[in-house]
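Following are the structures in question.
Two complexes, one shared chain (chain A), two partners (chain B, chain C).
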Partner chain A sequence: MITLGSQGKNTFLEAVNLKSGANVLECYQCGKCVSTCPVSQYMDFPPREIMQMIKLGLKEECYMANSHWFCLTCSACSGRCPREIDIPAVMEAVRHLAIEENHINDSKKVKEIRKFHEIFLDMIKRYGRNYELRMMAEFNIRTRNLFKDMHLAPKALLKGKIPLGVKPLKSAKAIKRMYEVAERLEKKK
Partner chain B sequence: MARVGVFVCFCGANIADYVDVPQVVEEVKRIKEVKYAVEYKYMCSDPGQGMIRDAIVQHKLTSIVVAACSPRMHEKTFRKALSDAGMNPYLLEVANIREHSSWVHQKDKKAATDKAMDLCRMAVAKSIANEQLHEISVPVTKRALVIGGGIAGIQAALDIADARIPVVLVEKSPSIGGKMAQLDETFPTLDCSQCILTPKMVDVASHPYIELIPYAEVLELQGFVGNYKVKIKKKASYVNFKTCTGCGACWQKCPVKVPNEYNLGLDKRKAIYTPFPQAVPNKPVIDAEHCTMLTKGKCGICAKVCLPGAIDYQMQDEIIEREIGAVVVATGYDMWDPKPYEEYGVGRFKDIITSLEFERMVSANGPTNGVPVRPSDGKVPKNVVFIKCVGSRDEAKGIEYCSKICCMYTTKHTILLHHKVHDSHAYVFYMDIRAAGKGYEEFVKKAQVDTAATYLRGRVSKIYKKGDKLMVRGEDAQIGQVVEVEADLVVLATAVSAPKDNPELARLLGISYDKYGYMSEAHPKLRPVETAKAGIFLAGCTQAPKDIPETVSQASACAAKVCGLFAGDTMKKDPMVSTINNEYCSGCQNCVNVCPYGAIVTDEVPVGHGSKDLRTVAKINEGVCQGCGSCVAICRSMAINLAGFTDPQIINEIVSI
Partner chain C sequence: MKKLTYFPGCSAHGTSEEFDSTLKLVLKTLDVELEDIPDWNCCGATSAHVMTENLAYALPMRNLVLAEKLENTTMGIACASCYQRMKVTKVHMDENPELAKRINTTVVEEGTYKGTVDVKSMLQYFYEDIGIEAIKEKVVKSLAGLKVACYYGCLLTRPKNITNFDSPEYPVSMDQICEALGATATEFDYKTECCGASFSISNTEVVLNLSGQILAMAKESGAHAIVVACPLCQSNLDMRQPDIEKQQGVKYDIPVFYITQLMALAFGNPISQLKFPKHIIPVEGALANIGKVEPGPEKVKKPIKAVEAESEVK
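For the complex of A and B:
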């Protein structure tokens, strides 16, 4: 059971709105996002419920949900939301706030997703772009699942979906510098 | 010899699917008086009517039978076709083979066809004895009665009076204004209720065509459309309105305090009082139940302080009569009493109030100077829970219907709370948000975003006390979890219910009311302002719950109906009325007693030709007679005949089958 009314101002709602630039109060719970979202069935709480939980100020429950980790930021939902709410921005805001406050869902799936994010960012830092083959390999090694999706490899290779090498972008250096600046700023906080 | 034309209608598939129409035509052709019989897809259509017109001329017909739908549907249409062909319209008979046969015998085509043939034979036989009849003209009294002085009655009275038709406006309470005078700001525009209402109230009082009779009730209505007579009881106010200047010295000095109805008992008024500062008329009345001078003969202070000497403790109720031609019923609504909601602690917990009480609290002229407070300790609440559909949509404890206005006024209340108490928070338990109206959905969205009110989808199951808080428990179906809200104040959006006096009023007016007590309209879609009784109309919540814009529209529609009724100096009336043959009348007066319309009186006629001695006979006022036939049936001397339903006509019908 949830008790409301004693917690005072809904600062969680304010933080999410500020960070996302959306206004969660505009959500009228129609559920169109839920039936649009390609991964809503894997989420603990589909996007509509996350919206309502933010409105109720259920911060912990929101942080601990896996929804914002599962969100692909594909923007399918926001493209169809009748109230034009930037739902992926809301998901991202929750993700950031959860990291900032270090309240993170520790299920195996979420851990994997977070590793995936890290490796991806690392690829960009190195090459200025993604290097699919290395990314797959690293992901499989770091999640200790060496043969994951291996059966797809021959076909993908043949069709040229996974180039064997990588040609770093010309601007790779500039991108690297962006990383360094961002990391410095992050440390200062 | 009679020459009858018969026209049998398919009514698309409505009749033709269940009745063998060609067989019916063949059958009637066998009757020797029938000189022409034909079938057609839609008799009521223009070509259908044309067939009737042409046949009348070509075949020199003397009466017409149309076998089709109920005469309530198209009798007028077909009568007009007869007149257009130069035939007396009352030579028409309608055989109702749709409602009386095809629709009710859909499983047995043969039986339905047989019955349709019987109905046609009867109609043909009756039509042979039909006589030419002519419409009756009755004079009209061009004055309207409006019962109830809420916004519905006010609007109807003003619109009728602006057409220079005199209006008598009867209001039960000491002032007009109704519930709207108790509201603060109004959805969806948030304009101040008093500011838009008071000018109209003043217009009523000063309008040369309106006679305002406050503190009064209707006792009796007699007569018929265009010619009613109404008896009105003016309750004793014990104040002479002609001399009273409205100075207020009396109520300031009166020592007796009683709960103030205008503020729903949230504060007190005196035994002599004007209900609210903007009241119209702005004259006090003495509440006879509580004035100690009137109950025990002790006090008399108000008479002493009243300079113009307007107080009159001897005043009596007065009965007055007015002649009127039409009535607008606008008696509004009551608030449903939430007592059955024991699980909410209604009556036990002081900090549960109704929406109208909340409305009074946030009103600038209210008992708490415009700020909501907790009745228990007078503190300004921070967390306020609003519960919608209390009593509405609840077959177990309340009423089945949706009260229509509470979704919107609760939205308004979240805004008013936000305006009056800046650091407050509103929680709304709801089942749906019904916001169908111009600008309504937009209003709800704006309120939800601006006030950040928390909407929880579910009915509250229980309220209990914890310290000085009220714990309100319900489900939030949106996340499928039970929630409890710690509330300082709970506001119940209680259902709108029919005025409890409506059934009695309906009986004395001779109109009908529904199972809830709302006055019934003649047709839910096409005649929403008329009642089934000619000349009586409905405006506002007395017919069903509705908001102000809808109430005002209906009131103006009533005015248009009244003006239409009064457009000529006389009214036309069907000639189907009874007449008495004095030679047969024995003067027993059974008919006088049986007539539901009071159309029969007694008369004195000479006993014989040229005789000076008189005897009593009955006499029918054809203007009042509605042609019900009760008198015909009761008269043992067979002295009464009802035009259009004469003995030869009825006997012909019976003999024909």
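For the complex of A and C:
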């Protein structure tokens, strides 16, 4: 059995609190977040359990969970939390720490979610704006699922729902520079 | 004539082109002139803040800095996701000047962030800056007979300390606008449930489940149509509806309008300008209800403050 405070300094808890601006220790495990969360059924550990795991310093287990990848940041939980803890910020802090330390859940679903976000950011880096058609195509190619959503394509394209091109920024260079500086800031921390 | 800085967002040129164009029709009627942010960039949406903190602040900050160079003090944003990212960045930068200084190094060439521009969603702008009465005055074709479920999604009113607008649990601003147009807003409990948003492509199963529940509840509330103010909500509920129907074995056939499409319709714009053919679920069935009943006595909606006070008592 692990008892709170028994294993000395909980550096993981400190790191999460610092990054999220929340105080995870304030959670008294009422479970309102779990019943509110629209995606808790898909999570390895629902938000309430993640909060407790942080308190116990279970860093690896938190990192490797899919929970923070499934969090939609809809803020339904924090809106109803009786302790007013910013739970999405806590989820985000765990995710960012996991990315920084490169300890990431390698299930197919999490890989796909990450791939999507990477492609999205790549579109912005290249064009300054999202290029929906290319993003979808790249997602299908890079997740080896070529026919995903193809049944929607004829109608969406015909109705002009998804345009064929994108109007890139005039100052595309500004965005590339922003990405470089942001990356340097990320490393400095 | 009022002036407003406008941030259309990436989807305004694609999936939500009808939101953008009908918004412009509505603002023309309301005598508001839009000024685009020159060479605006993507806000980074969900992807930026999921993956990295700095980029999630840097992308919106460039737009905020560019907006500060214009004369207007308010920026109106059509897309709920763009609104959220811009507002989060603004609130966090204003609270923490140290952070603002650090993030500003990513956009030095654009200028220095000052925090002089207020950020509002278009729904908030209609509600606070235009006002229900002014909207009512412009109605030439009442939508009486049409019952709508107003769906806000998660980003327009939450988190409360960021948006500072309407109720995070049971908002009523869009309901009041719809009633000002003559339509009836149904009692709809799934107003602020999440539609699955950014999982539309990467985790479609979740979107089908969550959006399916919203469609079912809207239908149950007796609505002929759903009204939204977010491009992602619209595309999840409209474009994915046939898939949801197939999966659940239920026929919903419930069109999803942007609030601006209904406003433009009530303001007397010709149907041909409202981009209805862009919808995947046809709108004609729902629109046929308009005029089917005589406009009854006006229903009195409780003001937001009273609703909040009540929920606090509970």
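Just so we're on the same page, the second predicted complex is superposed on the first by the 164 of 189 C-alpha atoms of A that agree within 3 Å, B and C clash if a C-alpha of one lies under 4 Å from a C-alpha of the other, contacts with A are read in each partner's own complex, and residues count from 1 in each chain.
Just so it is clear, a residue touches a chain if its C-beta (ideal position, glycine included) is under 8 Å from a C-beta of that chain, and two chains touch if they have at least 3 such contacts.
These numbers were taken from a predicted model, which means no experiment stands behind them.
Judged by the touch definition given at the top, the superposed model places A:N10 against chain B, while chain C stays out of reach. In the superposition on chain A, A:L56 makes contact with chain B only, while chain C stays out of contact range. Touch criterion met: A:E132 reaches chain C, while chain B stays clear of it.
Contacts of A:L18 after superposition: neither chain B nor chain C is touched.
Once chain A of one complex is fitted onto chain A of the other, the partner contacts of A:L157 are absent, as it touches neither chain B nor chain C.
In the superposed model, A:R48 lies in contact with chain B only, and not with chain C.
Once the two complexes are overlaid on the shared chain, A:E26 sits against chain B while remaining clear of chain C. Between chain B and chain C, the partner in contact with more residues of chain A is C.
The contact sets of chain A with chain B and with chain C never meet. On the chain A side of its complex with chain B, the touching residues are 1-6, 10, 13, 23, 25-26, 28-29, 45, 48-49, 52-53, 55-56.
Residues 383, 425, 427, 445, 448-449, 452, 454-455, 457, 469, 476, 478-479, 481-487 of chain B touch chain A in their complex. For chain C in complex with chain A, the touching residues are 10-11, 13-15, 17, 39, 41-42, 44-55, 58-59, 62, 102-103, 105-107, 109-110, 154-155, 158-160, 168-169, 192-194, 196-199, 201-204, 206, 210, 235, 239, 277-278, 280. Remark: chain A residues 38-39, 42, 70, 72-76, 78-79, 86, 88, 92, 95-96, 99, 109, 112-118, 120-121, 123-124, 128-130, 132, 135-136, 139, 148-149, 152, 155-156, 159-163, 166-167, 169-171, 174-175, 177-179, 181-183, 185-186 touch chain C in the complex.
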